[in-house]
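Each of the next two complexes has chain A plus one other chain: chain B in the first, chain C in the second.
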Partner chain A sequence: MTPTAVVTGIGIAAPNGLGTDEYWRATVAGVNGIARISRFDPSQYPVQLAGEVRNFDPARYLPSRLLPQTDHMTRLALVASDWALADAKLNPAEQPEFGMGVVTASSCGGFEFGQRELENLWARGGQYVSAYQSFAWFYAVNTGQISIRHGMRGPSGVLVTDGAGGLDAVGHARRHIRRGIPVIVTGAADSSLCPWGLVAQLPCGRLSTVTEPDRAYLPFDARATGYVPGEGAAILVLEDAARARERGVAGYGEIAGYAATFDPSPRSGRPPALRRAIELALADAEVGPADIDVVFADGAGDRERDRIEADALCAVFGEAGVPVTVPKTMTGRLYSAAAALDLAAALLAIHHRVIPPTIHVSPAADYRLDLVTGTARSGQIDTVLIVARGHGGFNAAMVVRRHA
Partner chain B sequence: MAEFTVDDLRRVMRAAAGEAEGVSLDGPILDLTFEELSYDSLALLETASRIERETGITFPDGVINDLKTPRDLLTLVNSHLAGNAG
Partner chain C sequence: MRRRIAITGIGVLAPGGLGTKAFWELLTSGTTATRRISLFDATPFRSQIAAECDFDPVAEGLSAQEIRRMDRAVQFGVVAARQCLADAGLSPGELPPERVGVSVGSAVGATMSLDQEYNVVSDSGRDWLVDHRYASPHLYDYFVPGSFAAEVAWLVGAEGPAAVVSAGCTSGLDAIGYACDLLREGTVDVMIAGATDAPISPITVACFDAIKATSPRNDDPEHASRPFDRTRDGFVLGEGAAMLVLEDLERARRRGAHIYAEIVGFASRCNAYHMTGLRPDGREMAEAIRVALDEARLAPTDVDYINAHGSGTKQNDRHETAAFKRSLGQHAYQVPVSSIKSMIGHSLGAIGAIEVAASALAIEHNVVPPTANLHEADPECDLDYVPLTAREQQVDVVLSVGSGFGGFQSAIVLADPEAKALS
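Let's look at the complex of A and B:
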């Protein structure tokens, strides 16, 4: 029988909460983590807001060996991984090393580290560039560092599909579980909130230039102006359900369905492939639209892409046919970590039986969505759909289900 | 710089690559191997690069990889500083 993949551990470092408990309390209460950029003076930049992880002191959590060789986003990934493993009550030292793998997603790599070393190169010369620049910037570095830290030598990799990456990584991790690998550490971390990283994001034209934190990122609102960038990590421990049960761990929920599609060229005249990703994920989970208790939407935050997503949801679920929420309104979009964080939030919603709200948004009626705005909505939640998109045409959808 | 001391070396090593869990650079480190100190080739390269920047000396290519212990490194640095490196 094909193994069932269950999430047994969650580790979160988010703009509105460091650690799963703090994040979840803030998210249910609708606490906004978006504020003026504090990491550097943003006055000269058109984008001045971000979701920054606050009060994160890496030296408190990591050995000094790891500090000179890691970018900020890798430190977030390592700390979230430690927390996820502790949450899963899994001690990697007691597990066979080839029975544990690492699959993460990344969109940006280590921009802050790279900017500092480029400054060293140009201002002081090549001999001042850190030897660790060789890998600290790299998309795969989080997977590598997690693997090394915990002695995980099983199948590993990295997926780079922008905002869809958080789901694509977990989808790939599930493949490894189904092929017989007992444990995969998965999810994503991203941060590029340094001047170079921010400037690199500007040409896409989708970042909001609004400077009021409660007005800048308003998905499914007629006032939408784009999105606010965020940073953070959401790392999950994925396990073969039977093995997890053997060691007395039930888990938060099962990765029941997953699908990824790619949009046709906008010049082709063919429709976007988001709806198809949703339908394929439902089919993969062997559930119908009526089985979905809530949708964690992508929530691009611009009229065109919000329209595409609303149309896809209405086509599958009917008009206002399912509660929809966008907790990203509290954090900004965390690039590859955005969907991983939504997935973690979906599992916590199942666990705590409450849907976190979409904050600041007045839903535009023409989207025809039942958007959970204002305050959290309580109720029995057993099956959740998560939708994610990445720049350039990536779509992903995932169904998670309470694990019986 | 007259002499590069073991405390100079500790300071540079901490800045270059820190301490791994369960390893301290505080004690008598000179005759432990870099492997025992969890210093891989990249950590050693970064350490050597910082010593070059600080002292102005230049190590010949490849010589760093042959060093086994902090004492080997310290001896090499000081022979360069004394102007009699071969």
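Let's look at the complex of A and C:
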């Protein structure tokens, strides 16, 4: 029989909360983590807001030897993975030699580390480039560092699918669980809130240039102007349910369904593939639309892509057929970590029986969505759909449900 | 019944001659394509050599806008994808879009474009607050190399899952392994899978200089990549791409496609040891090999040829020699082992896919490519590394391995689908 994959541990470093408890309290209360960029002076740039992780002192959590060799986003990933393992009450040292693997997503690697070394290269010369540059910036660094930190010698993987990455990583992690690997640490971390990182994001043309934190990122609102970039990490411990039960851990919920699709070329005239990803994920979970208690939407924050997502949700669930929420209105879009964070929030929603709100948004009626705005909505929540998209056409959908 | 996976199309862009035919001729003649770097002025650097592709995007049919939009690595990937489709007898748009997926490996993404863009927006490193007004309109596509998969998906008309797999120097093997997972679970019927990297830029050369990983044999570049040789002194950077058409074996047979080889096993393991270091006992690579052979339902003695990682660093060569002995036992001493990096350098994430292409061609032609520049083996490397000259022999089963920064160890097994060992 194919093993069931359950999430038994969650570790979060988000703009509106460090650690799962702080993040969840803030998220249920609708606390906004978006503010003017503090890491550098953004005055000269058209985008000045971001969701920055505040009060994060890596030296408090990580050995000093790791600091010179890690980018900010890797430190977030390492700390979140420590927390996730602690939450799962899992001692890596007690696991079989090749029984734990790591699968993460990344969008841009360690961009701030990269900026420093590119500056060294161009301003001073090649001999000033750090000996750590060869791995500190690249996309695979978090998987490598997490595996080293915890002695995880099982299967590994790294996926780059922009904003869909968080779900794609967990979907791939589930494959390893299904073929008999007991534990996979998965999820994503991203941060590119250095000047070079911000400038590299601008040409996608979808960042909001609004400077008021409560008006900048308004998905499914007629006033939508784009999105606000964010940073953070959401790391999950995925485990074979039978083994988790043996050690007395129930877990937050089961990864019941997953699917990914890719949009056709803009020139093809073919319809977007998002709806198909949602339908395939539901089919994979063997549930129908009526079984879904809430949707954690992608919420791109621009009229065109909000329309595509609203149409897909209406096609599957009917008009206002299911509660929909976008808690990333409180954090900005965390690139590959965005969907991993939404997945974590969905599991916490099941656990605490409450749907966190979408803040600041007045839903435009023509989207025909039941958007959970203003305050959190309590109720029995057993099955949740998470939707994620990445620049260029990546779509992913995942169904999680309460583990019996 | 487990789904079987056939390689029905191969597209290779490698140093020393573009296209699969030129690639195989180079490998079997034992000729090296390593030379002094011509892509930029490398004289300030410790290592000034690389294996470069003589690539003209116009001649390869890319439009002016595609050339502007795509980093060199994407250009390689798209051209190789087009070649593998044609080789498989498929044309873009002929496949049902929902049943086709894309998996592209790349270790360092659009690093060449990022390097050049940074030089401009920072005014050669003068301004930390870089000037966005000088940025390319395509900078986001360099920033997130998911764009590599997007370009290939658009070319092919694929609307199944698309992803870039980026596990350092095992990216190419892992991207193909990922594609096999999607095919086996039935999500898709066809995958366009492979890898591309174009890392020959100042920042890459500088970062490998900093850890003395690359060869400084600047006065003798043709002989600089010397895997398993006693006098080796590091790897030689390369570039290139290989893309494959992978499809359900029954589907391939039904449409009468030419089948190069079947992919029968894949596994990856982490060494959890060091970001750039390797445990000398090769334990994790041996485990990846063991699991891949197990998945293939093959015994160690079934392996006819090992396409080695063979990067030409002392650490690697000893590590994988130990891994072969640990996983294959006595058979490790009988089976020929060679490294094509001796001829085409180490193109980071791309090389794994290029090596899978070489492995499929070894089965196709019953020829084992040699390890060039191997005159006197390191005494600690005591296997049959096929020095200098290609060898004609029956090749039914090939094991190809990769090892990368981050501790990644991957192994893939290819077989002739008609081979006795599989029946």
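Keep in mind that, in the parts below, the second predicted complex is superposed on the first by the 404 of 404 C-alpha atoms of A that agree within 3 Å, B and C clash if a C-alpha of one lies under 4 Å from a C-alpha of the other, contacts with A are read in each partner's own complex, and residues count from 1 in each chain.
Keep in mind that, in the parts below, a contact is a pair of C-beta atoms (placed from the backbone, for glycine too) under 8 Å apart; a residue touches a chain by one contact, two chains touch by 3 or more.
Remember, it's a predicted structure, so these values are computed and weren't measured experimentally.
Asks: Please indicate which partner A:2 is in contact with in the superposed arrangement: first for chain B, second for chain C, both, or neither.
Replies: So A:2 meets neither chain B nor chain C here.
Asks: If you tally the residues of chain A touched by each partner, is the higher count for chain B or for chain C?
Replies: C
Asks: For A:200, select first, second, both or neither according to whether it touches chain B, chain C, the two together, or no partner.
Replies: second
Asks: With both complexes superposed on chain A, which partner does A:68 reach: first (chain B), second (chain C), both or neither?
Replies: A:68: touches chain B, not chain C.
Asks: In the overlay, answer first, second, both or neither for which of chain B and chain C A:55 touches.
Replies: A:55 contacts neither chain B nor chain C.
Asks: Go through the superposed model and pick first if A:134 touches only chain B, second if only chain C, both, or neither.
Replies: Touch status of A:134: both partners.
Asks: Considering only the touch criterion stated at the top, classify A:380 as touching first (chain B), second (chain C), both, or neither.
Replies: Touch partners of A:380: none, neither chain B nor chain C.
Asks: Take the contacts of chain A with chain B and those with chain C, and give the residues found in both.
Replies: 69, 127, 130-131, 134
Asks: Across the complex, what residues on chain C touch chain A?
Replies: Answer in residue numbers: 44-45, 97-98, 101-102, 107-109, 114-115, 117-119, 121-122, 124-126, 128-132, 135-147, 149-150, 153-154, 157-168, 171, 174, 178, 181, 185, 187, 202-203, 205-211, 213, 267-276, 284, 287, 404-408.
Asks: In the complex, go through chain B and note every residue touching chain A.
Replies: Answer in residue numbers: 14-21, 23, 38, 42, 45-46, 49, 52-53.
Asks: Can you tell me which positions in chain A touch chain C when the two form their complex?
Replies: Against chain C, chain A makes touches at 40-41, 44-46, 69, 98, 101-102, 106-109, 111, 114-115, 117-127, 129-131, 133-135, 138-141, 143-145, 147-148, 150-162, 165, 168, 172, 175, 192, 195-204, 259-265, 268, 270, 273, 276, 335, 390-394.
Asks: In the complex of these two chains, what residues of chain A are touching chain B?
Replies: 63-69, 127-128, 130-132, 134
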